[in-house]
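Chain lettering (A, B and C) follows the sequence in which the chains are written, and residue indices restart at 1 in each chain.
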Amino acid sequence: MVAIDRPAPREDSRMWIEKIPAAYWALVVILLVIPSFASDFVMFQIFGWTFILGLIALSLMFLGGYGGMVSLAQMTFAGFAGYMVAILGASAIDTISQGWPWWVVIPLALILTVIFATAVGWLAVRTEGIYTIMITLAIAAAFFYFTRQNYDVFNGFQGFNSVLPPRLFGVDWRGPEAFYYLTLFWAAAGYFAVLYVARAPFGLALQGVRDNPRRMAALGYSVTAHRVAAYSFAALLAGIGGILLTWQSAQISPGTVAIQPAIDILVIAVVGGLRHPIGPFIGAFLYVLLKTFAVDVLVALGLGGERFNLLIGLGFLVIVFFSPDGILGLWEKLRASRNRDPLTGRERH
Amino acid sequence: MARGTVTQRLAATGTANALELRNVSKKFGALEALGDINITVKPGERRAVLGSNGAGKTTLFNCITGDFPPTTGAIRFFGEDVTTFPEQERIRRGLRRTYQISLLFHGLSVLDNVYLACRGVSRGRFSMIRPRRNDALMQSAEDLVRVVHLEDAKDTLVSDLSYGQQRQLEIAMALSGAPRFILFDEPAAGLSPTERRELVEILTGLPSHVGYIIIEHDMDVALRVSEQVTMMHNGRIFKEGKPAEIEDDPEVQALYLGGGHGHG
Amino acid sequence: MRAFARRHPVWTGIIALAAAVALWLIFAVWPDGLEDAIGRKKVFLNAFFNGITLGGLYFLVASGFTLIFGLMRNVNLAHGSLYLLGGYIGYYVADSTGYWLLAFPVAFVVVGFFGILLQMLVFRRMEGEDLRQTLVTIGISIVVADLMLWGFGGDFYNINPPEWLSGPMDTFFVTAVKSNGEAVYMKYPMVRIVIFAASVVVGVAMWLALNRTRIGMMIRAGVDDRDMLSATGARIQLVFVGVFAFGAGLAGIAGVVGGTFQTIAPGEDIRFLLASLVVVIVGGMGSIPGAALGALLIGLAEQFGSVYFPTYAVVLTFLIMVTVLAFRPQGLMGQG
């Protein structure tokens, strides 16, 4: 389950813009024009949520796919950023919320999130492999219980409501269309940032650490520092996702950072596929569709809507059992088998 | 006193041997893997170390690179005592090695593997900016890929390479970042005759200031790429000389060449 | 222990001092000043006993987890589900037959059987693939949790101990001295004490079995070097299945204990999975004494935390974990 970059041939002399396959252009156009025909619900609830969850799961994909570290604390980092925005900015809980201007609050919230994640990363990378999952799960649980019990800063069980995005340029950013473009922008920014960094020295070194930490150390790289830095970078993505998530529901509470959502992020990233940054968005889209429409399907099957988790769990199990690389892996298998000559079993070119 | 040391050191770098091992031994518990090894390699010299399995050749390499320290003795690299230096420090001073087992980065392309090796001894390892096409390190990585004849496979993932290509890549990584001295650990093992010929070409085509020690079972390869030969047996040096002398030595033939390792 | 004292004289001193203070707090009659400062001794003693008995429960759950991890390097994140399943089974057995004691063997056997299924259908098929095992067991725990919610509903269940175990028991701990000089002794629920004693017996028995029997030697050899164990011709798969069944069965028994101590309800699976994780991270993965130490520490931290700083009770637990990770990542009793 490693992210694999297939670099484009370098000798290509065309402009970068000409090298993008037609399918990508089609996707870009579709994503840009969706608001012209989709309903408010589809824009805000389906796509807005997909982009946000995809962004948070992308931070897990970066850590897991390129760094070989599977963290269950990504939702915690997202929720932390959301809490910071609620605490430092404005909310209905004006006894706690500071009401600072957005241009202080948002950068500060992201910086604090990165610091928090760096500390967690430093703890988590002291051990390896499966320990990482266990430790990040424990940290996620600790943060959840802490927010639920702490009333001075995190306002306990209730959390914060009426956490709204700033009215920048006179636009109501929670309006369906504006929110759609806002989340699309950040999802795309995160996607391209991950693609870009993956081939920068830091990203390459991180993949080197994933493949062979000992050799990397022998080459003069600091394995620990690269791993910790990966947590910091991933937390930036998760933090942006968390702020958007807080604005979407206009509230943040311990429920946002509970164990279940933390595991949901893992499910999304793994089901989509950890090999490429598009995977988390595919996973998120499926998850949101299921979460929105599964109730109807379940009722139609006579099972009752509350069996949603059963469906999610079974779907997850099937994917991990049969395609450890998620939907992306299935897609690649399918393509490989289509390229294969049915008689000789050789690849066709 | 201090001035004396500096001048001594300066003088040493000018005339010093590339590698000097003095009375090096290595014990694992009661087992003596290396005993009383004395080797002197001049700058630019190419030397083969021969010996049957278990003669202590790889242990010797591990002591030189700093994988583990020798039990006794001293190792000097271009006049500097590096006996207690960690592996990275030795790499920084221009010492490289290849590994028998594959220790490559399987999820990355050939070029990226070499690039990482080049980058390891430079600054900016945490850079989030992609290297441009005219980036100096990327250029030297491309050059090295060409040196080992992998230019057609430079964008291939390591996991998709053939075994022979992986060995070639291993050599390219050892050549990265201006090496002064390289240790080759059985680079020809498992290669086809064609690939062996290419390997000999690569090794003989190295810049003349780069010296190396090569461990090799294939006498044909070993004797063609070296100027000096050290024979090892049971962790000790058993004979030293020019390739032709060693080849014709009756004792060596009885012990080693006669043991089924026919050549030619 | 003597070797430890020689190597870490400062730590030994600190530990000895802490133990002496704890013993004094438990046995001495508290002077008035102390009661004013930190509350009544009865509250302290209750927290202490609750912590120790909760530690016993945590040990039962975590020892199975750590045993399985230690031998097979399998992380079974469905361990909490096994605990909860044991609790439900125990409830039904105790409720329908009226025999509380019968709940234990039934829960052990049934949950142990589930453990065998898990080992043969999941872990054996994915040997060496840590991440996939973890993901699959997460998936299983999601599915099982929902199936149990479906089957048993969202209600709270409480397993009632039999007549002869219910009610308080007199102990010899003095909580206070009345004005007429008469000592007041502490009363504590009988069932908790019995169960704690039972978990100590289980722990000691496990330790003895691992250290004094042939099969135990085999298992420990497997922990140190799996290749060596298979090389000796031991039927390693059989040992694996056996250990997995035993570890799962322990979780089932723990479920019955938990249902008697506290309640059985949806969500308890995650709570006890987390408790097991923290216990083994603190104690050291794969070590039975480590699990015992970790369970005691965490149990005490939780109970004292909830009495003396209720807002941050849970945080205290995790603070212990973070401290251990920062200074001794392999856990207090872990190797290496």
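Rule of thumb we're sticking to: a residue touches a chain if its C-beta (ideal position, glycine included) is under 8 Å from a C-beta of that chain, and two chains touch if they have at least 3 such contacts.
In this text the structure is predicted, and so the values were computed from the model without any measurement.
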item	value
Per-chain Cα centre nearest the global Cα centre, belonging to chain	A
Chain whose Cα centroid lies at the greatest distance from that of chain A	B
Centroid spacing, where centroids are CA-atom means, of chain A and chain B in whole angstrom	44
Chain centre separation in whole Å, for chain C relative to chain B (CA means)	53
Intercentroid distance (Cα basis), chain C paired with chain A, Å	35
Shared interface positions of chain C, touching two or more other chains	none
Chain B contact footprint on chain A (complex, rising order)	2-7, 9-10, 196-197, 199-205, 207-208, 210-212, 214-221, 225-226, 229, 233
Touching residues on chain C, where the partner in the complex is chain A	75, 129-132, 134-136, 138-140, 142-143, 145-147, 149-150, 270, 274, 277-278, 281, 285, 310-315, 317-318, 321-322, 325-326, 329-330
Interfacial residue positions of chain B with respect to chain A in the complex	87-88, 91-92, 103-109, 111-112, 115-117, 119-121, 124-131, 133, 155, 157
Parts of chain A lying in touch with chain C, wherever the complex brings them together	1, 70, 123, 126-127, 129-131, 133-135, 137-139, 141-142, 145-146, 149-151, 259, 263, 266-267, 270, 306-307, 309-310, 312-314, 316-317, 320-321, 324
